[in-house]
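Just so it is clear, A, B, C and D label the chains in written order, and each chain counts residues from 1 on its own.
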Amino acid sequence: MLTVLPMTSINSHLNYTSIRNQTMSLAAPLSAEDCCVQAMPDASPVKWHLAHTTWFFETFVLESWELEFKPYHSAFRVLFNSYYNAIGDKHPRSQRGMLSRPSLDEVMAYRANVDQRIQALLVSNIDNQALLQMIELGLHHEQQHQELMLSDIKYLLSLNPLFPSYKNISESVEPPNELRTKLPKSTKDLMWCNFDAGLVQLGRNSSENKSENTEFFFDNETPRHQVYLQAYKLASRLVTNSEYAQFIAEGGYQQAQYWLSEGWDWRKAQDRHHPLYWVKENNVWNEFTLNGLAPLNPDQPVVHISYFEADAYARWAEARLPTEAEWENAAANLPLKGHFSDSGLFHPMPDQDLYNLLSPDGLTQMFGDVWEWTQSSYAPYPGFRAKADAVGEYNGKFMVNQYVLRGGSCVTPVNHLRASYRNFFPAHACWQFSGIRLAR
Amino acid sequence: MLTVLPMTSINSHLNYTSIRNQTMSLAAPLSAEDCCVQAMPDASPVKWHLAHTTWFFETFVLESWELEFKPYHSAFRVLFNSYYNAIGDKHPRSQRGMLSRPSLDEVMAYRANVDQRIQALLVSNIDNQALLQMIELGLHHEQQHQELMLSDIKYLLSLNPLFPSYKNISESVEPPNELRTKLPKSTKDLMWCNFDAGLVQLGRNSSENKSENTEFFFDNETPRHQVYLQAYKLASRLVTNSEYAQFIAEGGYQQAQYWLSEGWDWRKAQDRHHPLYWVKENNVWNEFTLNGLAPLNPDQPVVHISYFEADAYARWAEARLPTEAEWENAAANLPLKGHFSDSGLFHPMPDQDLYNLLSPDGLTQMFGDVWEWTQSSYAPYPGFRAKADAVGEYNGKFMVNQYVLRGGSCVTPVNHLRASYRNFFPAHACWQFSGIRLAR
Amino acid sequence: MLTVLPMTSINSHLNYTSIRNQTMSLAAPLSAEDCCVQAMPDASPVKWHLAHTTWFFETFVLESWELEFKPYHSAFRVLFNSYYNAIGDKHPRSQRGMLSRPSLDEVMAYRANVDQRIQALLVSNIDNQALLQMIELGLHHEQQHQELMLSDIKYLLSLNPLFPSYKNISESVEPPNELRTKLPKSTKDLMWCNFDAGLVQLGRNSSENKSENTEFFFDNETPRHQVYLQAYKLASRLVTNSEYAQFIAEGGYQQAQYWLSEGWDWRKAQDRHHPLYWVKENNVWNEFTLNGLAPLNPDQPVVHISYFEADAYARWAEARLPTEAEWENAAANLPLKGHFSDSGLFHPMPDQDLYNLLSPDGLTQMFGDVWEWTQSSYAPYPGFRAKADAVGEYNGKFMVNQYVLRGGSCVTPVNHLRASYRNFFPAHACWQFSGIRLAR
Amino acid sequence: MLTVLPMTSINSHLNYTSIRNQTMSLAAPLSAEDCCVQAMPDASPVKWHLAHTTWFFETFVLESWELEFKPYHSAFRVLFNSYYNAIGDKHPRSQRGMLSRPSLDEVMAYRANVDQRIQALLVSNIDNQALLQMIELGLHHEQQHQELMLSDIKYLLSLNPLFPSYKNISESVEPPNELRTKLPKSTKDLMWCNFDAGLVQLGRNSSENKSENTEFFFDNETPRHQVYLQAYKLASRLVTNSEYAQFIAEGGYQQAQYWLSEGWDWRKAQDRHHPLYWVKENNVWNEFTLNGLAPLNPDQPVVHISYFEADAYARWAEARLPTEAEWENAAANLPLKGHFSDSGLFHPMPDQDLYNLLSPDGLTQMFGDVWEWTQSSYAPYPGFRAKADAVGEYNGKFMVNQYVLRGGSCVTPVNHLRASYRNFFPAHACWQFSGIRLAR
């Protein structure tokens, strides 16, 4: 089911080429101008993503294993360092959009140069497990930035009054009209899946002697550990646009009682009255997508929701958000099925099961479509220790004031995701493809 | 052991008088000017605390049970509402210091009026359990504000270049000199107490039919629930000033590797190089206390530490902060012994056990002295539901981006505290009396 | 007409006592709490004004001439320095409200001590012209702070939802009802006074050998110099509340065309729709005054107007603001008559001449009532040189991004004002008693 | 001497093509990425300048005179409006850098389209004076944006750690080495030119019946009016880098006494210790130029100086800045000679006269090289009235909190400049090519 096979020198090579090319094809619809602009401090220019992911391979692979290593360009060492304080200076994050030079062409040449050197290195290091593992980490890092490229460019294009589309996306998932009417009309019609109380296992074992055929995972998924769960229920599907529109229509954004205190302050300060990217024209809701402005599809999962909004919606719906343990326990044995970036749709879709009503009491939409906010603050698993080297800065140092999201989205590559995967963002973040699954 | 006895109309009356008087005696050393100023948006003027705690009794007790209730002053309804959105308008928090009127004298008259009416109500409602419970809540609310009055006035006085003292505090806890030399010199000498893995019970049962003789607790301590803990160790005592000074001396504030990413940004933005209230003069550390500026006592627990600093210190010390479950499990059966506000010292003290070395492998300083940061984000216990009324805003709506602290401090009344008590503040907060206990 | 007589040791002594006492009597209606709070960074606590004016005499008089001078309190040297960088450190302006200590009583003791020493010094230095001149400067400085005390306390009280009054002011100036109807109804009815083109003299001569009997003036009024004026017209009276209300009613705050670009940005950022202190209740305009909230008197001069508002009003009225040269040329020979602080009204009043219609073509209200904005940026007169010492910081260093106001206000002492007096504030300032006279 | 000839349909046509082409050739060295980024809110992307200047012709010329006018693109009407509130909505200034679409190519097509239509219009309106005058205004507007393009792109490139050059500029002005030693070494050696007191005429006549052969000027240069000047002296040349470096070396940026109070606050808030674009490497001053980083030439005029710095320097040098009247009176009859943008140097140059010592008592460098700060706040000339239409927003509404600069710079086209030209910027602005001429 999962496509990330164990790393051998051969498929590492294949994966390397394929994943690096995928980044290029995501950038292909964009002009050099599109790739240069930084839309807000939390987002980065696409050009920076293209360069930074290359910097990762140059710094953590070539510099360690390439004989007679020389940096491609001494200034790139600083310009494209993201946050690895142990590596040295870095260009300030909020200034990434000022870099009209190097040009997009020069960054592409940088990519080509590093790719060629990595491939040469792979040929001569066919059995170097440490190197292969570092490349594997770099490829998962690259996939994370593929997702960020799409979120960041969507945010940039949304600021443009022309509402330009990233790409003309012809495919879509439309139910036959006769099925539409069968859809549940409100959260009251939600199906709830029951889970018993008990001790469960979460996370992954981080044995030093990784046996072959072991799937990749990040250090923040370790160690595997035991958790006691009370009995709980999960909604069988994601919250839809029509349900969320009902929350708005019933004054959800005007009543403090539904909101966390900090969430209410955020809502007021931002003057938010609806999700990011919703646009009302002639009293009809539209939604900005990577395909441009489109009428809001009532059956699609609501997306680009902050934790504050997700929590407020849940309270209004007399439910709550799941914990990450509840989510992972439910997802652990499900097939990794859903709308991922591989589909090229780049927008969440109504689940066909919803229309077919095939699985009235089973979980649907657990993977892909939208990242699902959990109520769990991002924290180390019991026994977690970050590595001492620069790569150790990868995850551990963000473990404060962030909330865990699970399940991947329509801009996540399917082979990047797994049930134990922990994504995390601050509670106010809504430019990611994040949505809501209710729990009780 | 606990001093909060079951509420009957009699001791309710006694408690009411005694706790309300305690608030007055805490304000007694202060001038009207001291009581009027708001030192920062997170802190409130003492006068505001005096009025707001009175507003609580007027709003939630008198308005509900007093026949022919009339507000003492219609404007006070808004001015002294803190955050209860359900109650109506409130004066903006950051503007509390603008209220030179009503004067301190007028607020004292307001207190006296409400006190007299509450006492009259108690006489005629000797068996009204709902009323008695609301008064009990009001008294615990009052005790929380007693603690805040002391933290807030300390912060205000610290901004004054004259370093004025709140009160001349003569008592102190000094070890015989011959014992000082026996003290452990660094964290390497810390004793660690071991706890086995297993299922434990945390929190309190919130049965509707509260039997008599039941101790008070807040809703955020409920419901009692089961948690699985891995085996862990707790440091036998708090981190001391001398240990923290060593962290500083070894460059702890200059090395990003010890810090959470957001913590490092906070440190830089605030230009922090030592704890709040530490002042270096002639190359010697002093500390601002409620007794004025004093030489730093190396054996005292370090205090006024943010979560960011506590976490960085723990990483430097090759340890971590405990979870709140680990802490409560360890504390559940310990006597409620420590330096609380009742001592009138208003500063953490070295534990005598430390000098006597009587309990080499037991936990000391678990209660009083300093609030101990846990790594646990403030979140609802499984099954927690906030009440629907205004009092339901008390705790639940703050459950985001805050971290739990346990154990009480030297400005907490002893009869306000218990092992299951959950305090919470944002990670950057350091004007509370917060310190560090390490775990592994 | 002018009450500032030439300084001899005798009347210096008298003036000293009288002006210092006047400061005390302005503070008398206020509580210690009222005197402690800083309402905004541009305003200072009354207590700070009381201490700072005393610091001025201690620093610039006692320190220079008192034998065996010792500072009253070493910390006061820093705490109550306003901006004299040459004198040494100063407490940050925005932190003045944090000083609950020293108490108001202690500041009063400081005042009494310095007053007693100054008086002793005057007895023994009966002919010391340098000392006498410095005392005279200190007294004018004191009068400036008398005015600021009233503006600052008004701003503070206005932030209080109770709308407290500074003082119960019984007097007022009311026209007989039968005269009211004769009043001009709009700016179209304004009388205009004509002035011919020509060379005029402005400012004061700063001869080193000040002859006796010379009136005091600030260095920014020097040197006297020649200016060529084109022919111009001045409105015979100030703009009234009813005229300004018409500007509002006709959309003046909604139309960018009337506003300077920076003024329009200010208006939007502040969300201003009317002058500071205007409050609409039940569709009727009220105005906050030092006597509390009162119905807006349509015949009174509009007050608490920013330069931006004054300029926008003038453009709407098809007129402009006068230059300071035009104003001074017109005022030079007029009697110093008007509602000053000496009246104890502390609010601008309709001019009786207005009702009596005695001076249909003469200028009225040129002095007192409100400071009149001119279109002149505050700049040095040709040949102006600031003195090299600390007192030289008095005026010159503020000569950028400020606009000149002329004529004094209802909170200015009459013996502080003269036709050549140059007041100055930034274009956004509106907490001063500033108003509008039109020119063409 | 002046190169702007009277507008006839013929040379209008010639000028139109030539000035519009000049804009294109200034953009030619830049990539689409360079043209897209907005470096700060006060600066605009080059692409925006290219589009906005075109919008000006489309809106104020084509829309008025073209039969069957249709907008080129409806959204461009809003996107490329700068500040003309009368025209309608405008895209927020600080968001101009977010417009990766329309692309640079699309903007170039917009330019070509409007150019072609303007030229067609000129052919058929050979005698339409109103149209010709509006085109002339548009061309001067275009030239202003040519200058801003160069200032704005310089600022952007300066933020790039690669210090890229805008263009490889080979020419330069180097004195023979033997002359260098003859140069004055400090301000003490400055020559001063004397001007007598008296009545002078300033500005331009704005007669309605513009006779033919009349040179263009902006409304803010009108009306011509009389001013009385005291006797004054002007420095014969601009302040040089070596002189300014001496100011720095002697602690000019550390001593508050030289600075305006607001200037000192600006310096501290910005942590400024030298002019923008000065970079110290290995203890040697370099300067960022449009040709990249270069060693500081001690003989060149200091450039990119804020008003605050210019004023502080003047005070340190025991001089002052000139008023605009003093400057214009001195410049009125001088030849328009200097280093303008036409030279392609884009950096101020030492004057050859300096080395030749040909004009020991005459004024040099009055035009070109650097804009010279005057102490005059930007204000309307006596009798100035802005026009009522949209073009009337051109100048008048900026007349607050700005200071006048005179003489043009090395990025100003020579045929854009004249002695009566009034440029204006806020006192903190330093990204313009602004420098210092002293007066006394």
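Going forward, contacts are C-beta pairs under 8 Å (C-beta built on N, C-alpha and C of every residue); 3 or more make two chains touch, one makes a residue touch a chain.
Small disclaimer: the values here were computed from a predicted structure and weren't measured.
Among all the other chains, which ones are in touch with both chain B and chain C?
Output, common partners of chain B and chain C: nil, no chain qualifies.
Which option, C-D, A-D or A-B, should count as the same interface as B-C once over half of the contact pairs match?
A-D
Measuring centre to centre with CA averages, how many angstrom lie between chain A and chain D?
Comparing mean C-alpha positions, chain D is 48 Å from chain A.
Let me have the rounded angstrom distance from the C-alpha centre of chain B over to the C-alpha centre of chain D, please.
60
In whole angstrom, what separates the CA-based centres of chain C and chain D?
For chain C versus chain D, the centre distance works out to 38 Å.
Which residues of chain C are in contact with two or more other chains?
Within chain C, no residue touches at least two other chains.
Which residues of chain B touch chain A once you look at their complex with the stated criterion?
Residues 83, 85-86, 199, 225-228, 230, 232, 256-257, 259-264, 307-308, 311, 320, 375-377, 379-380, 382-383, 397-401, 427 of chain B touch chain A in their complex.
Note which residues of chain D are touching chain A in the complex, please.
Listed in rising order, the residues of chain D that touch chain A are 31-37, 39, 47, 75, 78-79, 91, 95, 97-104, 156-157, 159-162, 164.
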